[in-house]
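Letters are used for the chains, namely A, B and C, taken in the order the chains are written, and counting of residues starts over at 1 for each.
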Amino acid sequence: MARLCRAAIIASVLALTQICSDANAQECEAKVGVVGPMSGGAALWGLSARNGVEIAAAEFNQAGGLPMGEKRCKVVVVSYDSKYSAEGAAAAANNLASQGVNVIVGPVGSPEATGIKPVAERNKQVTINSSFAKDAIGPQWPLAFHAVAGPSAWAKPVVKMAKEKFDIKSIVVVAPNDQGGTDTATVAVDTYRGMGIDAKEEYYQRGTTNFAPIVARIMRSDPTAIDVCTAPPGDAATLVKQLLEAGFKGTFGRLGGVATDEIVRAAGGIETLGNFYWLESVNVEPAHLEAIVAVQKSLTQTPANPAVVAIFAASGRLALKAISSAGTSSDGVKVAQELRNLSIVDPWLGKGDWTGMPSFGIRQEFGFPVGMGLIVKGKNLGVSPVSVVGQ
Amino acid sequence: METAISAGIIGIGLGAQYALLSLGFTLIYGILGVINFSHGGFYMLGGYVAFAVVSKLGLPYPVAVIAATLVCAGLGALFELLVLERHIDDHLATMMLTMGLYLVMGTVLVLAFGTEPVEFHSPVSGSWRSGRIYVPYANLVVLCACLAAIAGVYALLYKSNLGRALRALADDRPVATALGLPPKILFPAAFGVATGLAGFTGALVTPILSLHPHIGDSILTISFMIVILGGLGSVVGAAVAAFVVGLVEAYSSIYLGGSIGALTLFLLVLITLVVRPTGLFGRQVRAA
Amino acid sequence: MHRKVSSMARVFEFVGRGEVATIVVLALAFAVPFATSSPLVFSLSNQILIATIAAFSVYIMLRMDLLSFALPAFMALGGYAIAVAAKAGITNLVALLLISFAVPALVALPLGSLVLRLRGTYFVLVTFAFNEVLQLLLFEMPAITGGSNGIAGVPASTFLGMALSSNQAVLVVTCVIGVLAAIITAGVTAFYRREFAAISENETLATSLGLVTRRYKTIGLVVSAGVAGLAGFALVNMLLTAHPSSFSTLSGFSYIVFAIVGGRASMMGPLLGAAVLTTATLLFSSKGEYSPALYGMLVIAVVMLARNGIAGIRLPSLGRPYVEPGADAQSFKREGKAI
């Protein structure tokens, strides 16, 4: 009798597991990759990028899964640290390819974008990078997309606003001597000059911690404004602090990744800072910003940059929509085709359009509106949206 | 003319910071023969400990500086005793070990304080001004601390029993040990003094500049360069070389630009070493 | 009594067991591109091979107890040289191999005459300064080097008219470079084994006994630079881009770690060090912010536990196959008087 009972129990357990695994067998996976710097100086951006894509994935998963043909599949995010270098990104792409992940949101930095594009092209992987490189995308890489508007798209409208607001006559653009610095600084300087402003570039050695000599050099040319371009937040903050120490009374600009908090803190407050204009790579309404911070915190304890989170959430949503339409996450060419048919609209980033033709020769840039922040005479006027479409 | 004076002032300020940094490095190299790749790590740790003491514990800044120095000294001595001591004769091994320590320290700081700069201001603010020329008071404090530290280290090494013991051990370990000097106590002590100095520098200098987990990366380059330029085995040499490097960096950056300025500095280092292979003050000793 | 010594044994005696084993392993690597088509395996193999070649370059100098930080500079010279050549139309594999070896070797000649009289740590610093100077020159001469953007879209190398651009072909090319570098390294370290050892042991004594140390140090530096150039070629070939971030001081330092942690007694050391640590880096990459600490702890663990590096780890049945008989932990002689 005992043996019969035991047999019955075992049989029912086996039957149950069979049923459960059948149910699991119906659950499929849609894999999407994230590549970015998750260690080193740019770690905040890579980690924020990862958070953003995970938020997009969670949105679909909480709604029951990503619709792929008849089924609803679980979205799985696979991330790799590309260490802000070309080989790191190339290795990450190959890693992901061998796991069948052929849709990559990222990478973040310019060297990474340079390294990943040839490899991704060989592996037929879609990449959506957010770098400000001059060749971020191009006709020779048909599967490469640009997650945000680059300097060639936003420079003119933003510089025009700055010039009108602050009556800038001469400016010095300061940037580190690497690709992240030169790609943006050269575009910025050209744009300033195009508007009749006397503009100069100053590059500093990456790794500089004390900017007193650079400050002295800048003060020699007596500019009315200084743009700290894409200098990392720590460097930008020190530059501003030491410029104020040296007696600079003009306008500060930051046309690069957001570093407003650090710069205001280093200056010792908004009043001391005086006049300041900055670029927000995307324009997110304050209400959405709070939502982003809350959602991101619920997923992970790692601090993140809300703007980067938003950018990558948007790219993640678009990528997943394309995967859904294509019915596959492993056929990069098909996903790219579907991606091109989507409209550039996002709950957090607003409505934009496909851009990129004049800057890169290929219309594969997500032209979401950017934001321009203003602090005038010590008063924060907030961020206003700036459209990059129709340049 | 004003620019030339400003450049000089900036150069001296830089030199003071570099001298403080190199003192610790030259101590460890001169006595223990260890190239300490974690030097930048202790600099950062000193800054963060001071920051934590001021902002989280609410204690006054001088207390924070002392705390930073002691924490770094203690950690350094412990690391030497537990990890480095066994491999103290193998210089490549000690290089690898200190590099490993630097990587671990960097990650711990990132996990504890985040990757972005923290808000850490110097309690001393304001500058002395005359026309376009200015000297921030905080920089003067650093300069005084630097001179005091140089005097202190010199006194320690050449006028104290501890210093004599350390120099003896460095000269000829077997004989010194046979005469009763305990390397197992003295070497960790020396390492601790050096890392304590690095922490002291971090606590003093980071409020003037900025504090984030990547400021340590370039510290090693500059310390290494100055110690070699000054000549191995010379505290005075390292101090002089620090001011020379500071002045060269200031003048070349101001007149030639940041990138070309760095190029000039490295070229000058190359040329100096080619012309004077043992550095400015070093002595060539032949190993028999 | 006439003892027959087989020619195989003679080869072993001349070149060293470790060296032969290393060349065999690298030759076996040719099987990888044909045995599998996984991009991950290709990528990892490429990275390990490139790291090994770079570590060989460090190893040659370490045989003379000289630590050279100029490795990334020589890699950059080799890599940029072939990028410029390929873009100008020279894509023949053999030609590119020659160019990538010759350019850094030629630069190393005059450099050697200037810096090789420096001892120990002074030499280390000078090579470090040379590396920084070259990085800055790359930035300041955008017309030739593409500045901070580097040279993108480098055409693939060709052999007998075939363009070697597929993933598989790239790995085959890297294997070729790897075996070539190994043969060169084994050759130079075997041929000059005694001279290098003498310089490493006690240079002053060697000079006083009549050894023209300058000549051998220069040979070592020139060959080391050439091998580094080959590594640069392999790297640019893999990425199809010559980018300054590939030749940073930090990456150069990684290769030095591979050579030291792997073991200094034979060529097996750099190979094992490169293989183990590159794989570890890859595994740690998915751990994001923890990866530097994990890597640091691994390095500390290996140095603490394996006195002669990874290659010197005592294997239960084989004993310690890759440590020279009588060799102890080799130490880097300290130069100059202490305080």
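Brief remarks follow.
Operating definition for what follows: a residue touches a chain if its C-beta (ideal position, glycine included) is under 8 Å from a C-beta of that chain, and two chains touch if they have at least 3 such contacts.
The shown structure was predicted, so the numbers you read here are calculated from the model rather than taken from an experiment.
Looking at contact counts per chain pair, the maximum sits at B-C. At the far end from chain B, in terms of centres built from Cα atoms, lies A. Rounded to whole angstrom units, the spacing between the C-alpha centres of chain B and chain C is 32.
Chain A and chain B have Cα centroids separated by 37 Å.
Looking at chain B, residues 107, 110, 221, 259, 262 sit in touch with two or more other chains. For chain A, the set of residues touching two or more other chains reads 39-40, 43, 47, 177, 205.
In chain C, the residues that reach two or more other chains under the touch definition are 136, 139, 289, 292.
The touching residues of chain B, when paired with chain A in their complex, are 3, 6-7, 10, 13-14, 17, 107, 110, 114-117, 119, 121, 127, 129, 132, 134, 136, 209-210, 212, 214-215, 217-218, 221, 249-250, 253-255, 257-259, 261-262.
For chain C in complex with chain B, the residues that touch the partner chain are 67, 114-115, 117-119, 121-122, 125-126, 128-130, 132-133, 136-137, 139-140, 202, 204-205, 249, 253, 257, 260-261, 264, 289-290, 292-293, 295-300, 303-304, 329-339. Residue ranges of chain A in contact with chain C, taken from their complex: 38-40, 43, 46-47, 50, 79-88, 90-92, 94-95, 97-99, 111, 114-115, 118-119, 122-123, 133-135, 140, 177-179, 181-183, 205, 302.
Chain contact summary for the complex, chain C toward chain A: residues 38-44, 47, 136, 139, 147-150, 152-153, 166-167, 235, 238-241, 243-246, 248, 251, 282, 285-289, 291-292.
Contacts from chain B toward chain C in the complex involve residues 26-27, 29-31, 33, 35, 83, 86-87, 89-93, 95-97, 99-104, 106-108, 110-111, 157, 166-167, 170-171, 221, 224-225, 228, 232-235, 259-260, 262-263, 266-267, 269-270, 273-274, 277-279, 282-288.
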